[in-house]
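Chain naming follows the written order as A, B and C, and within any one chain the residues start at number 1.
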Amino acid sequence: MTPLRTTAASLGSRLGTTGLVYAALVVLLAVSAAFLAARGATLFTTANTVDLFTRSSLLGFLAIGQTLVILCRSLDLSVGHVAALSALVAATTMDGDPSRIVLGATAALVVAGLIGLANGLIVTGLRVNPFIATLGTALIVQGYLDTTFQGPAGSVPEAFQAFGYTRIGPLPVSTLVMLGLAVAAVVFLHRTRMGYHMYAVGGDADVARLSGVRAGVPVVTAHVLCSITAGVAGLLLAARFGTGNPQVYANGYELEAIAAVVLGGTYLLGGRGGVAGTIAGVFVLATLDTVFNVLAVDPFVKDVLRGAVLVAAVAVYARGQQSRAATRVRFPSTGPPAPPPSQPPSPKTAPLGGRR
Amino acid sequence: MRVPPALLAGAAGLALVLSACTTDAPDDEAAEGAGLSPDEEWFDQEEFDTQLAQRDITPEGDPEQPWLQAIEPEWTDTGEFASDDPGEATVCFSNASVSNPWRVTGFITMEQQVEALQDEGRIGEFRVSDAADDDNQQISDIQAFVDAGDCEAIIISPSTTATLTPAVETACESGVPVIVFDRGVNTDCMVTFIHPIGGYAYGADAAEFLVDELEPGSTVLALRILPGVDVLEHRWAAAQTIFDDSELEVLGFEFTGGDGAQIKDLVSQHLQRGSVDGIWMDAGDGAVAGLEAFEDAGQPYPVIAGEDELSFMRKWDEEDITAIAPVYSNFQWRTPVLAASMILAGEEVPSEWVLPQEPIREEELQDYLERNADMPSLHYAKFGGEDLPGFPEAWTDR
Amino acid sequence: MTAPASPTPSAPPPAPGADGRRRPPLGALSSMPRGGTATVALILLLIFVVIATQNPSFFEGPPLMGFAKKAAPLVILAVGQYLVIVSGEFDLSVGSLVGAQVVIAARLIDGDEAMTWPVLALMVAFGLVVGLVNGLVTTLLRVPSIITTLGTMLVLFGAVRFWTGGAPTGALSEAFRVPGRDGIENVPFLHQIPWALLIAAAVVVGGVLVMRSPYGRTLMATGDNDTAAAFSGVRVWSVRTLAFMASSLLATLAAVLIGGYAGVTAQVGQGLEFTAITAVVLGGVVLGGGRGTVLAAALGALTVEALFTLFNQLYLPSTIQPAAQGLIIIAAVAYASRRGELRLPGRPRRRPDHPTEHTLGSSRR
């Protein structure tokens, strides 16, 4: 019963945060539109809307998977590399032959899934900190890519490029697929036993274990799913490039995906948040990018603004959570304070059922 | 309980010894891979021959304005794209990035050229998207230009040849004149493709100089930035071909990422193991750091092929080194905007606009140093912006 | 070699400031200075032996000093990263900070010898401010340090390039380059003792002394269990903020050495944060805080540099290096957490009243 109660509780708090994120997205869109209008530009032209959606789909795939992993109190720094690898596997397997599309896509997703499995097993079985485990697999994949491929390789048939370029009205097909996957992920998290277990493990692995959840299983599952969504992102890249390019790992997608997840209100230490918020986080980043693009902001200023927005947003969420927690812990100048009633900073000291 | 460290150490030792045992093989392979056959993926004999021949062809046009010269141009009619009012025509530029000094220098030159043309009323608004080296971002940027519908010419500097091809094709299909420069794409749908002679010529200039200046049997170390980038791979493929026919001994090649500390360390290590008589570089970034490794090791300077980056050229002058500065013509950044204005005026442009690309040799060194005396050290000597109104402040005060 | 008895993951949270209260005094002693030090020293020795078989001249003095010169900045960065990691946080901003500092130095000095000292002072101030911001945002605003320092990394990267228009301008003065490039000349056998080596050695000694001071013990306790530390009167926020400031200050010092070593290039500093973390991890310092020694971190840095040198000596394609780096860090951490487990044969590994999940549950606050 405990995991259920824990999950129900975190569900409540998550809805609150998710609402906040969507409110922020709406405000951002309104402010951006007004700001652009004041400078004689329009935000909601077809071109800009398409641009916004296109930007969001790639990041969306990566961020959905990353959400699952972070919910389990893990982290995946290898998604950019997995996407690059999967794009290459797809492009070289298809090799321009339309009859091999299914084969190529399947092969890419299987390879991605296997890397996710390796990540999950290293994290749970070898008990390696996920930051290091996934950084390690990322570097291994990078070494493989750089040694094996000298530049772009393989080619993708026209029919498959449609995945990257077709759109229905202003909505690119890839964005629809991404949103579909997001809905599936929401259902998975809220309606399946495994989904509950992910929240439970992320909330408190030991509580989860005591309530009969085998902590390793949800974590490994999350890593596999995360790598598979990164594989889908790789397929999208292959479709858009018409080939596979190993160098895309250098684009820092993993950090952007983590940023989207955290902006979406998912707690970096697991157990709280969800895919719905992540999608809002993705759209916030995509909106910023589109606005910067319309305003032709210097690319280096973009980095500065992105960094500042990320930290500021997370600080705001932390403040929201903190108001419910004890603030005294940080200033214990007068003797030991009362134990913090919630948001235990360390899992080691989390009382049973401690995470609300 | 006392086993684990010993076990780990044992395993590590075993691994190291094993890898040490196999050194003979990698040794041979390194020597072979470095000296002999260039990677087939990156070597095109026909293109190699063409580029080497193009070095000796006198380009058409005024030698005072190399950015408007063209080697064996095939002129194409652009009457269909002529604008009624070029001064109001929006020109859009999708830039791969300004992430290295060569691109920074070029982009400043381009902006100055744009201002000059705007003042003359030959183009209107100039809109720039910078993709920060992200192919997917650049595809979106190009798509946004196409969807916006008000670009009357689209200039593209692709971040990667293969991956940008579909996006460039989409831009062509929209009916807007497309101008591609620097790296190419695998299509010829654009109105003009502007580029200097190319990577083979660059690599060959550098390699031939080393072959001429060094005694047979001398050792050469190749420093490369990173693998998999076509313009850089072509330089190395050409050098391999030329070294292969020579009496020089190529010690190997190293990827440096263009990072000075890395270059200095790698060169120092090679110097510890034996003498290095010549340095071949696929780009001049960090050439000075490489030379400092010789200073710090107390060894004589090598014969070196760097690039027309000023830090290297100044060092060359100060220390009186035997050197050459191969050039990947930075002035090519002016040409696309000029081409856009010509297309908007309905004038003919070459369908493939091959710009001259000549290395800077000893005898021209002083001339180029004087011309660029006020410029910062990471500036490129053949930037070709001396006659633009913003000269020299736009380049000196970055 | 006896495996040192370091604090174990499943030990009950120790009381801060009284680390050894629940252990025999000897345990407290041996836990402080060693950790994974012996292991990493052994690995380093092995790598050196293999290098020697490949290239006997490596130990002839000058090459060894050349190696020290190159490795010194990473050792300094590793000590800085160690202080942050042992307090339970991460600092991803050091690579960007090194790049920013070198570019700032080149632009402001612009080849003018007289500007060297004023600009150095400014760099130190700038480094301290960056560390202060990292620390305060992480502790007071409660932003996880991965996000804080990721933000700082982006801001520094963009701001410096915006300021210089994308590529560094200016030049370093000769005086600025002395610490990174020169040394005590005409030493018998060694030829030259680089200043960088002496500076790095001083930093390591300083680090060891700091970790033996009351502040060091508090830092360690905070990383081990910040709640318990807070209960016993530790001002967690100031302890951690100081660690961030130390890390940024040491990154500034590393920037002086790196800029001195090779001058200004556009790529300087890129990726150093992950190399520094690799070095610390290789030294057996467990991410999540509370464990490991300065010496192990410094040896870890030397090991990483020695490995890169070895790869080079073996003529391995440099594209394989990342893969090797990846395998090594996974193996090192797996080994460290395994060792932690093995150390406790008699005790239950996890007790319900002190639930532990180190691999996943490293506290980042």
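In this section, contacts are C-beta pairs under 8 Å (C-beta built on N, C-alpha and C of every residue); 3 or more make two chains touch, one makes a residue touch a chain.
All figures in this text were calculated on a predicted structure; none of them were measured in a lab.
Compared on C-beta pairs in contact, A-C and B-C come out with A-C as the pair having more.
The most distant chain from chain A is B, comparing centres defined as mean Cα coordinates.
Centre-to-centre separation between chain B and chain C, using Cα means, comes to 36 Å. Chain A and chain C have centres, each the mean of its CA atoms, that are 29 Å apart. Annotation for chain B: residues touching 2 or more other chains are 98, 227.
Among all residues of chain A, those that touch two or more other chains are 146, 298-299, 302.
The set of chain C residues touching two or more other chains comprises 166, 319, 338.
By the touch rule above, chain B contacts chain C in their complex via residues 1-2, 4-6, 8-9, 12-13, 16-17, 19-20, 23, 26-27, 29-30, 98-101, 103-105, 107-108, 227, 252, 254-255, 257-261, 263-266, 268-269, 272-273, 285-286, 288-289, 292, 296-297, 311, 376-378, 398.
Those residues of chain A lying in contact with chain C across their complex are 72-75, 122-124, 126-133, 135-140, 142-144, 146-147, 201, 204-207, 210, 215, 219, 255, 258-259, 262, 268-270, 298-308, 310-311, 314-315, 318-319, 321-322, 329-333, 335-337, 339-340, 344-350, 352. Touching chain A in their complex are the following residues of chain C: 13, 90, 137, 139-144, 146-148, 150-155, 157-159, 161-162, 166, 225-228, 230-237, 274, 277, 281, 286-288, 317, 319-327, 329-330, 333-334, 337-338, 341, 350, 352, 354-365. Listing the residues of chain A that touch chain B in their complex gives 45-48, 50-51, 54-55, 58, 146, 149-152, 161, 164-165, 237, 240-243, 245-248, 250-251, 293, 296, 298-299, 302. If you check the complex, the residues on chain C that touch chain B are 1-3, 38-39, 42-43, 46-47, 50, 53-55, 57-58, 62-63, 66, 70, 73, 164-171, 181, 258, 261-268, 270, 309-310, 312-316, 318-319, 335, 338-339, 342-343, 345.
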